[in-house]
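Two complexes, one shared chain (subunit A), two partners (subunit B, subunit C).
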Partner chain A sequence: MADTFVKIATVTVGSGGSSTIDFTSIPATYTDLCVKVSGRQTVSGADSMGLKLNGATTGNSSRWLSGNSSAVIVGTDASSVIVVSYAGLPGSGATANTFSNIEIYIPNYAGATAKSISSDSVGENNTTSAGLANISILAGLQTSTSAITSLTLSPYSGGNFVQYSTATLYGILKA
Partner chain B sequence: MTDTLTKVVVDCSTGEQTILPLTADEIASLELSRQEAEARKAEEEAAAEALAAVKASAKAKLVAGTPLTEEEAATLVL
Partner chain C sequence: MPSTYSQISTTTLGSNVASYTFSNIPQTYTNLVLVANIQSTATQYHGENIKIGFNGNTSSTLSATRLQGDNSSAGSGRSSGVTTSIISGRAINQTSGNSTSVFTPNIFHIPNYSNTTTFKSWLARFNEITSAGSYYGAFAGLFQSTAAITSITIYDGLDSSPALLAAGSTFTLYGIKGA
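And then the complex of A and B:
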């Protein structure tokens, strides 16, 4: 039986931190893409995470439903990145050594239509403090019809991914 | 943390992973993202404060037995 969920590459951020995590030269041989991220960033509060497809800073939009132990938040965004985690990246003020758990799914990434994205994330902050462990589901859109050959992940508020943040890109084949 | 902003790049065709300094365009793009996040946060905080004020007004009027505005009534779960 052929493998249908194949690891393409993994990035682990080193001791200096990193502003972005970039996957380049993504092969067009799969049907869908999936990215799993375990991340933490340097800004003090929990931050959202942005995604760029082929480096595009226009044509991005997203909407989300998010909640924590004190509030439910719905929102939309149209900016230079696709928001794929709402306040899901723990910051420097979060419980030590806690990292996010984020999954991004991009169907039909090599096709000639606009690209849809779905994702879910949780801050995994290991705390009972109100408002400090955000869970969210999101839907995103990139209007370009070009095949996706590169992905860029970044903390939304300009911080860095800290050491041991990881991102793994998978290719999904038709069964 | 280093002073120079960097990115981790993995070439999926070779598996090679490199750490590169950000270009001026990439730094500008991150700065734009930071500004967008800041503006969004300010909007959300203002909206939350406004909603809290309307809810507080609705509660006070209910207790006092005075009519609510439509906006205040909309904050109630019926």
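And then the complex of A and C:
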């Protein structure tokens, strides 16, 4: 029986930080993709995280359901990125050394249909302040029917990923 | 290091069908993950219910609680004492009145599926987003049976107007080993 959950690449942000985490030249030999992210960013408050597929800045839309210990909200976005974490990236005001836990799942990424995305995000950091810790479920859509060959992750509000932020891309292998 | 995440079965529908069943599920894993990337033939809504059933069960032993959003509001609800299957999510894109190229990911996690001493719980997330509307969230479900799960069926069908799982929908079942 075939192994199916295969690491394609891992990116660890170095000293000085980075505005993006990029995966390029993604092979088309898998069925689905999964990205697991442990991230933190430089803006003071908790921030969202955006995803671009093949660098596309149009055709993106996102919906989310999120709780932050005091309220449950829903939200939408149709900007230059797909929102894959709502306020899930701890910022400079968060408890030191705390990083998010985010999973992004992209089925049929090499097919000729629009790309539907499922993600969930947790940004817990042992604080009593509401709004600095969020848990979210998100749905995303990129209307392009092109196969995905690159992924770009970035903090939504323009900050940088801090050192030791990591993202690992997995391929779910065809039988 | 032993491999721990293996594909058990996968299919892409060649035509519209009312349901799809994984049968003869091997009992050699610890957990199951089912990824269903689905489209419906329904025309009434932007989405359509789907249901999940286990072992061909027909007794009132299924229940589920959901947390969901739909663009404008958050909500929660549940079904219990269901006789044949659990409503799993209004989470499938229709094929008319909407983009025909959009499919909805539904991902189920079923831990400890092969044990014969406890009831079976499961967790699912569904993520529909279309030009006509969206419906997304998570389900926690329970199958009150101590039998090992040997088959899983995914059904399409709004109760008042059954529809079909559309051609092109994909269903993949993975087994995860604990060691």
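What we mean here is this: the second predicted complex is superposed on the first by the 172 of 175 C-alpha atoms of A that agree within 3 Å, B and C clash if a C-alpha of one lies under 4 Å from a C-alpha of the other, contacts with A are read in each partner's own complex, and residues count from 1 in each chain.
We take it that contacts are C-beta pairs under 8 Å (C-beta built on N, C-alpha and C of every residue); 3 or more make two chains touch, one makes a residue touch a chain.
This structure is a prediction, so every number in the text was calculated from the model and none was measured.
In the superposed pair of complexes, A:Thr76 makes contact with subunit C only, with no contact to subunit B. When the two complexes are overlaid on their common chain A, residue A:Leu53 makes contact with neither subunit B nor subunit C. Of the two partner chains, neither subunit B nor subunit C is touched by A:Val37.
Of the two partner chains, subunit B is the only one touched by A:Leu169; subunit C is not. Contacts of A:Gly14 after superposition: subunit B is touched, whereas subunit C is not reached. Looking at the shared chain after the overlay, A:Trp64 reaches subunit C, while subunit B stays out of its contact range. In the superposition on chain A, contact of A:Ser154 is made with subunit B only, not with subunit C.
When the two structures are aligned on the shared chain, A:Pro107 is found in touch with subunit C, with no touch to subunit B. Of the two partner chains placed around the shared chain by superposition, subunit B is the only one that A:Thr24 touches, whereas subunit C remains out of contact.
Counting contacts as defined above, subunit A residues 73 meet subunit B in one complex and subunit C in the other.
Per the touch definition, subunit B reaches subunit A in the complex via residues 1-2, 5-15, 17, 19, 22, 26, 29-34, 36-38, 40, 44, 48.
On subunit A, the positions that touch subunit B within their shared complex are 8-11, 13-14, 16-27, 42, 47-48, 50, 57, 71, 73, 75, 77, 79-81, 152, 154, 156-158, 160, 169. Here subunit A touches subunit C in the complex through residues 1-5, 31-32, 61-65, 72-74, 76, 105, 107-108, 112-114, 116-120, 137-141, 143, 145, 172-175, going by the rule given at the top. Subunit C meets subunit A in the complex at residues 3-8, 10, 35, 37, 67-74, 99, 101-105, 107, 125-130, 134, 136-138, 168, 170, 172, 174.
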